[in-house]
Amino acid sequence: MLISGEDYIERLRGYEREIYVLGKKVENFVDHPNIRPTVNAFAYTFELAKLREEYSPYSELVGEKVNRLNCVNKTPEDLIARYDYQRELSKKLATCNYRCTGCDAINAIYPATKALDEREGTDYHKRFLKLLKEIQKKDYACTAALTDVKGDRSKRPAEQREKFMHVVEKREDGIVVSGAKIAQSGAFAADINFVLPTQTFKQGEEEFAIVFAATPEDEGIKYVIQNTGVQAKQREGGEFEPGNIRYGDRTTCMVIFDNVFIPWERVFIFEDLRATRDVLNYFASSHRCVGAACKAGFIDSMAGAASLMLKANGLEGVAVLQQRIAEMVAVSEAAFGIAAGAAVKGYNAYDIWHPNQLMANAGKIIGVEGFTKSLVNLIDISGGIIGTSPSEFDMKGEIGDKVGKYLSASEKFTVEQRMKLVKFIEFWATSSHLVGAIHGGGSPAAALITLRFIMDIKDKEEAVRECLNL
Amino acid sequence: MLISGEDYIERLRGYEREIYVLGKKVENFVDHPNIRPTVNAFAYTFELAKLREEYSPYSELVGEKVNRLNCVNKTPEDLIARYDYQRELSKKLATCNYRCTGCDAINAIYPATKALDEREGTDYHKRFLKLLKEIQKKDYACTAALTDVKGDRSKRPAEQREKFMHVVEKREDGIVVSGAKIAQSGAFAADINFVLPTQTFKQGEEEFAIVFAATPEDEGIKYVIQNTGVQAKQREGGEFEPGNIRYGDRTTCMVIFDNVFIPWERVFIFEDLRATRDVLNYFASSHRCVGAACKAGFIDSMAGAASLMLKANGLEGVAVLQQRIAEMVAVSEAAFGIAAGAAVKGYNAYDIWHPNQLMANAGKIIGVEGFTKSLVNLIDISGGIIGTSPSEFDMKGEIGDKVGKYLSASEKFTVEQRMKLVKFIEFWATSSHLVGAIHGGGSPAAALITLRFIMDIKDKEEAVRECLNL
Amino acid sequence: MLISGEDYIERLRGYEREIYVLGKKVENFVDHPNIRPTVNAFAYTFELAKLREEYSPYSELVGEKVNRLNCVNKTPEDLIARYDYQRELSKKLATCNYRCTGCDAINAIYPATKALDEREGTDYHKRFLKLLKEIQKKDYACTAALTDVKGDRSKRPAEQREKFMHVVEKREDGIVVSGAKIAQSGAFAADINFVLPTQTFKQGEEEFAIVFAATPEDEGIKYVIQNTGVQAKQREGGEFEPGNIRYGDRTTCMVIFDNVFIPWERVFIFEDLRATRDVLNYFASSHRCVGAACKAGFIDSMAGAASLMLKANGLEGVAVLQQRIAEMVAVSEAAFGIAAGAAVKGYNAYDIWHPNQLMANAGKIIGVEGFTKSLVNLIDISGGIIGTSPSEFDMKGEIGDKVGKYLSASEKFTVEQRMKLVKFIEFWATSSHLVGAIHGGGSPAAALITLRFIMDIKDKEEAVRECLNL
Amino acid sequence: MLISGEDYIERLRGYEREIYVLGKKVENFVDHPNIRPTVNAFAYTFELAKLREEYSPYSELVGEKVNRLNCVNKTPEDLIARYDYQRELSKKLATCNYRCTGCDAINAIYPATKALDEREGTDYHKRFLKLLKEIQKKDYACTAALTDVKGDRSKRPAEQREKFMHVVEKREDGIVVSGAKIAQSGAFAADINFVLPTQTFKQGEEEFAIVFAATPEDEGIKYVIQNTGVQAKQREGGEFEPGNIRYGDRTTCMVIFDNVFIPWERVFIFEDLRATRDVLNYFASSHRCVGAACKAGFIDSMAGAASLMLKANGLEGVAVLQQRIAEMVAVSEAAFGIAAGAAVKGYNAYDIWHPNQLMANAGKIIGVEGFTKSLVNLIDISGGIIGTSPSEFDMKGEIGDKVGKYLSASEKFTVEQRMKLVKFIEFWATSSHLVGAIHGGGSPAAALITLRFIMDIKDKEEAVRECLNL
């Protein structure tokens, strides 16, 4: 089924959720100024899916068209369609679409449970398929939670003052879990939240080696919304002052699981170290690779903004500034190219087509470098005003006429149009975007470490030995 | 005279000023949450001056000790002392100290008026010295305004819908000026604001070629405070939520001059194209060079924060992370080294010791690259939490006990201490700092263009010709 | 037909060619120390083709298996197979394989002549197909010549002291052409050399708008071999002193056409401006994209050498050095990923599957950055010895025993093995590789200019306008 | 005394030296094509010293003017004069001047022996002063040897198959030493060669903790000259083919000490671990800092060459290419600025003015980045010809008229002038310069490690703690 954005919002209104902003529980969370932009971004994913065939393919699992983000990828084409969708979303939203981790989780749990069942004779995969069917049929929006609050990193998970997400009790009908996940993008506005471990574990740490799905009916889950400057601006309102008024800054939360009961039918890995490693490996490549496509979309948005700003300032004819935009396009296409290349150079494992791991990690590294370069270019060619501008309210305030006339520039743009651009670019420069680019899916350092372990250096050494008769 | 920070604040309270925030005129501007941090930063400059001999040298002009920032530089040592002072301020404040442009203006107007008088037989220099004495005696805080709102950049100043700062009327007792300056750091909290042109002009554009000083008694000046996310947070209060609670984000304003009368005694250049070029040349080198020292201080602060954050996370023993801090120190020392080198390789012109122009511009370019690299390093090694953290209010709110326990890490830091660090680093990553680093004193592109015109490429060509017998 | 490397060499011996080294015509050019390494590299392309199915696909044109480099690409898979082949060649040869431009030319002339014939009713395409069949059947090695000696670049082609390649005479049976091409990689050792224009032309410059094929039987062609330090070393012999003893430094030549007669059957574009533009567009994307795959292979070779060198020095256990190798792998995979992505995101035009133009140009830019970074990493972790080492002859000379004992390191490598590595890495660092990486297929600047013209900035602006309701 | 370059060469002719090139002992080494360029570079240092007052200051030690490179630095001005001299030499020679390490050694042994004597009551300092006087009076050219062939780096010095430079025998009149130093720039053409340890040592490794001076009269020293492509070209002659015909590629050698007797009067540290650490610390800062000035001079030469090449190609009017030269100037001035800044921010220890250690190491890092960037810029804007050009001999050979006419460009340059430029830039791109920039004075990685240990991170943490009330 393909529901509309409006349907999704209505469904969301039906959920009872403990969501906190600035230390207080929020009533009617859907319309809270710090949450509504996230809801809008989610809603857009439903709308866009309906516009393009490849974003809503036919699923054999349920015999109908479903959202691409709820699909298992069977072919390189599936992956590429997903990356196209992702790039388009990032370009259009200029913020997180929040659902990529859900899709990553689906494509990681699927093969990991399949392998686990083959190895152990369990039925985790069947359980998972049952939930997946429901997700596809009801067109649920899914996210995934990985990052535990890590505490003192010189200590092992069980030595922390507060343990990582772990099994508190094993019951006949399910398990009770406790722990907290941080940096969870949009979890509060999703229908399903997959919970995966934050790392692999050693023997004796099995209590942490769990994967399950949380739903709105689970009790004891608390969402604490992050607080950034953009979010503070959103609380003050205005038509465009926060920059990306409709979709907002990427909004994450800390999700606290306070003795939450999860029935067995939603437990997919239970105290299995190897399956944990599998699911994390699949997830990491999947997420880093789609992250490259995401960065491409973000850079597209920045390039578009830069081009409009040049026009608004009467500078569109300056070759050296146009060249800076071309540099942005180059890194955008590079990042997306790597993702597409990883898709076509990927591999099949347990019925899932996975992206090439080497390229997925390379994409993360190039993506961050490209994002940073693009951001600097954007700031540079947009001028200092994007960090020093008066507000929308000044334009409309007591001396608004004076303020407005001095902020006007090219006649092709009204003052308000130019100021919308200024605030949009200020948003790019001062929101959590740079942090998100660096840390989303793990930092570049993490990608490099992964590469050290998976790179086939022997093959490269052999080429040299052959060339030199060594 | 050397007044205290408290004295400065008291004096400020005596000024009537039209200051607007979010479109509304502010009463008791000194204590407004968006202005007080700036006032605190200014106040600290007075306090620090008294702590070190070289920050408050003896002035022959007035026969007493004065603030280094109100001094004319006569020797390389003067310049170096100024750069030390600047670096220390940036390191301690983690934001703008707001007075560097005032010092730049003093050291630009002094020689430019001297040259002008020698050339034209005028008495501008004498006028300027009179004001300078007053500044030194009363220990005024000065800033300088250069950047006009530029409108459509494909047009000349006079073709704009709103003209650049210009002479509206020439009277016997002074001139009447109109125009608006934007991106003015802290102008609203200064005692004296020097107003300089934003660029050089051609013949026929003399009406823009003016330099003067504005004081609190001038009528018709309106300050419109910029609005960033950090400032929105400041309006909501909290003990540390905005990150740099005491000194805040760099706060700029648009300054509108609405038919303001300036008496002749405060007019220092009047419709003179050549003196305008001189004053801008002196100012640009002075500002770009001190900017390199400023970036060094900022990077010092980031390096300190990074080091503390590693400790708070239990990661201080990881060599590869320490190396990232060493990279930050390298660029900090590089930026400061260039400033010190420019001082010692500077030149005397009209009794003022100016920094080496080539190095001043090189310092700008290296400074921005270094700042960007340091910011990326800081974000990378601090972890994703610095872009996704709950707020201070969550820690103290309805479920504060749960939030707090999950945010704790190394036992060497309380949760509050760690969260202060998190919010401080979030401040670095999402305030207007990156924009400020790129655009303060003109963008790197502007520095490159300057270099193209002042570099002695002939000398370098000669070396090659000699080597090759060309 | 698939001939062997030995067959190719024998065929080459049958050609009469005017080839000059250091100003003197060379007898028995095949075995000249500056030419033989190039011949070996060509020969390896024949050998490798036979080892893998996808490097020698079935050609419908001639009904047999042919070398991938003589194929027209019909599908994304064709392109990807070509990129795989290219990367493998670069990795194994550590130098140019010389045939990429031949393949680029085939895939550019094919569609351009097809379009030209459709437009003008001519029969150029048929002529081309006839030659292509011969190439495939006889398994010829092809190269392409584009870069004219450009003279004074502030002047148009016809204003130069020596004109660009141009038509001297139009005869019934063909044309007579004159001009010189420079930077021609391996042209002297190819069977067929396609000659394309160096740029697009304006009306009135039709004499330059020509494409043709030169063969060994053509009279008046002179090859002047370039001279680099590696080539000077090759003339002195030794078993491994020049570093890449078997395949050598990339060896280019200047090719002078001195009133050369070309029969009509080998003329494919004749004084047609539009077809010239087409052929150059197709060629540029094709070449830049395969160039990214080529850089990937080169970086692979450098990474392999770095890894071996660490082992030879007893440093293989140092994490921070391994990380530098991982960085090299990251850029290698990124460059190749972009090429693969460009293939899959390409387009069909006139029966040829072309790579995505945006990505092809992005690949060039990222490829050069990655190559430079990798080279610096390689130098850094290999130690200063790779730029200061005694020679092979010292090891074997009068005090060879003493020299040898001091040059030994890890017991896992003999001194000779370590010295081979040292000289191989010295070769990477001091051969023409860096210049080749930057300029092969046009400089990064050229790629950026192309991007400025082909990027769809409107689409990106639209996304921003939609987001902001502009 | 200040002798002439000619005097120096005559003196050199008087030395009996065992020097090997390509495995054979060289007769009349001074005029060997691989040695003469180095001799010319040395000779130029004598000539330049006489041209400028500050390059040949008055020495109180001997009561006459002496070469700046044989001076002890007592003031910041001394250091700056040295850096000026260094930059000028690098700019003019476009290669190593070979004497910087000699000056570094003098300024490291002086304070280290002074401290040693104060601590131990020895008379090493007096011995050193005696030699220093002789050096100054006779105007000797000095170099220093540090880098031992390191063997297997996972082992300690005494575990190597061949030990590091060590004491073989302690006699009444002196010591006998054995070992080999590699990467020794120009040691074969110096009058005095200071020998310092390659690293600090642990207790039990005292046999390596020695510093002494070697002179031409010492027996058992063998010099094995390195072999690069440029050197191979030099052996073939020509007027400009090797690029930097007069001064050549930086020429290093391996120096083998085969049971060499050193009298006590030339032993300055004998089996003292602490003095060894001191001398290395002083040396490292001194060398890294002068290295930044050196890179500035090299970049100057590259910028000059780039500018001439643009003119030779008729491209001098293209703004975007001029900007690339401005980027080169920016990094040159930055590198030099850091050196000058380090001088003025240095410190006195044991009567010597040392550069600021932090900045010295920062200078190394920025210098290498700047050099690499400049090299890429130089290659990019000079065009592919600098890696693919025919030789000088082709221009003058059998078809020289044809070759020449096609290589001509702007009428402002003859073909020969343009080709000299081409070969000079090829020299920059393919000589050992890049390796030398990275490894001279230790790699950037070594500088970063040093920074980790000397950076005052506590001070930076304190600033943050104060700002946040931590």
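All chains are identified by letter, namely A, B, C and D, in their written order; residue positions are counted from 1 within each chain.
What we mean here is this: contacts are C-beta pairs under 8 Å (C-beta built on N, C-alpha and C of every residue); 3 or more make two chains touch, one makes a residue touch a chain.
This is a predicted model, so every value here is computed, not measured.
Undergrad: Given the two chain pairs B-C and C-D, which is bridged by the higher number of C-beta pairs in contact?
TA: Looking at contacts between chains, C-D has the larger number.
Undergrad: From the centre of subunit B, which other chain's Cα mean sits the farthest off?
TA: So the farthest one, by centre of C-alpha atoms, is C.
Undergrad: Using mean C-alpha positions as chain centres, tell me how far subunit B is from subunit C in Å, no decimals.
TA: Those two chain centres are 52 Å apart.
Undergrad: Taking each chain's centre as the mean of its CA atoms, how far is subunit B from subunit D in angstrom?
TA: Here subunit B and subunit D have centroids separated by 40 Å.
Undergrad: Let me have the rounded angstrom distance from the C-alpha centre of subunit C over to the C-alpha centre of subunit D, please.
TA: Once rounded, the distance between the two centres reads 37 Å.
Undergrad: Where in subunit C do residues touch two or more other chains at once?
TA: Expected reply: 320, 323.
Undergrad: Which subunit A residues qualify as touching subunit D in the complex?
TA: Residues 319-320, 323.
Undergrad: Can you check the complex and tell me which residues of subunit D touch subunit B?
TA: 76, 80, 91-94, 240, 244-247, 300-301, 303-305, 307-308, 322-323, 325-327, 329-334, 336-345, 356, 358-359, 361-363, 365-366, 417, 420-421, 424, 447-449, 451-452, 455, 457, 459-470
Undergrad: Contact residues on subunit B for subunit A in the complex?
TA: 20, 22-25, 147, 149-155, 161-162, 180, 182-183, 222, 224-233, 235-236, 241, 252-254, 256, 258, 313-315, 317, 320, 372, 375-376, 379-380, 383-391, 393-400, 402-403, 405-411, 426, 429-432, 434-436, 438-440, 443-445
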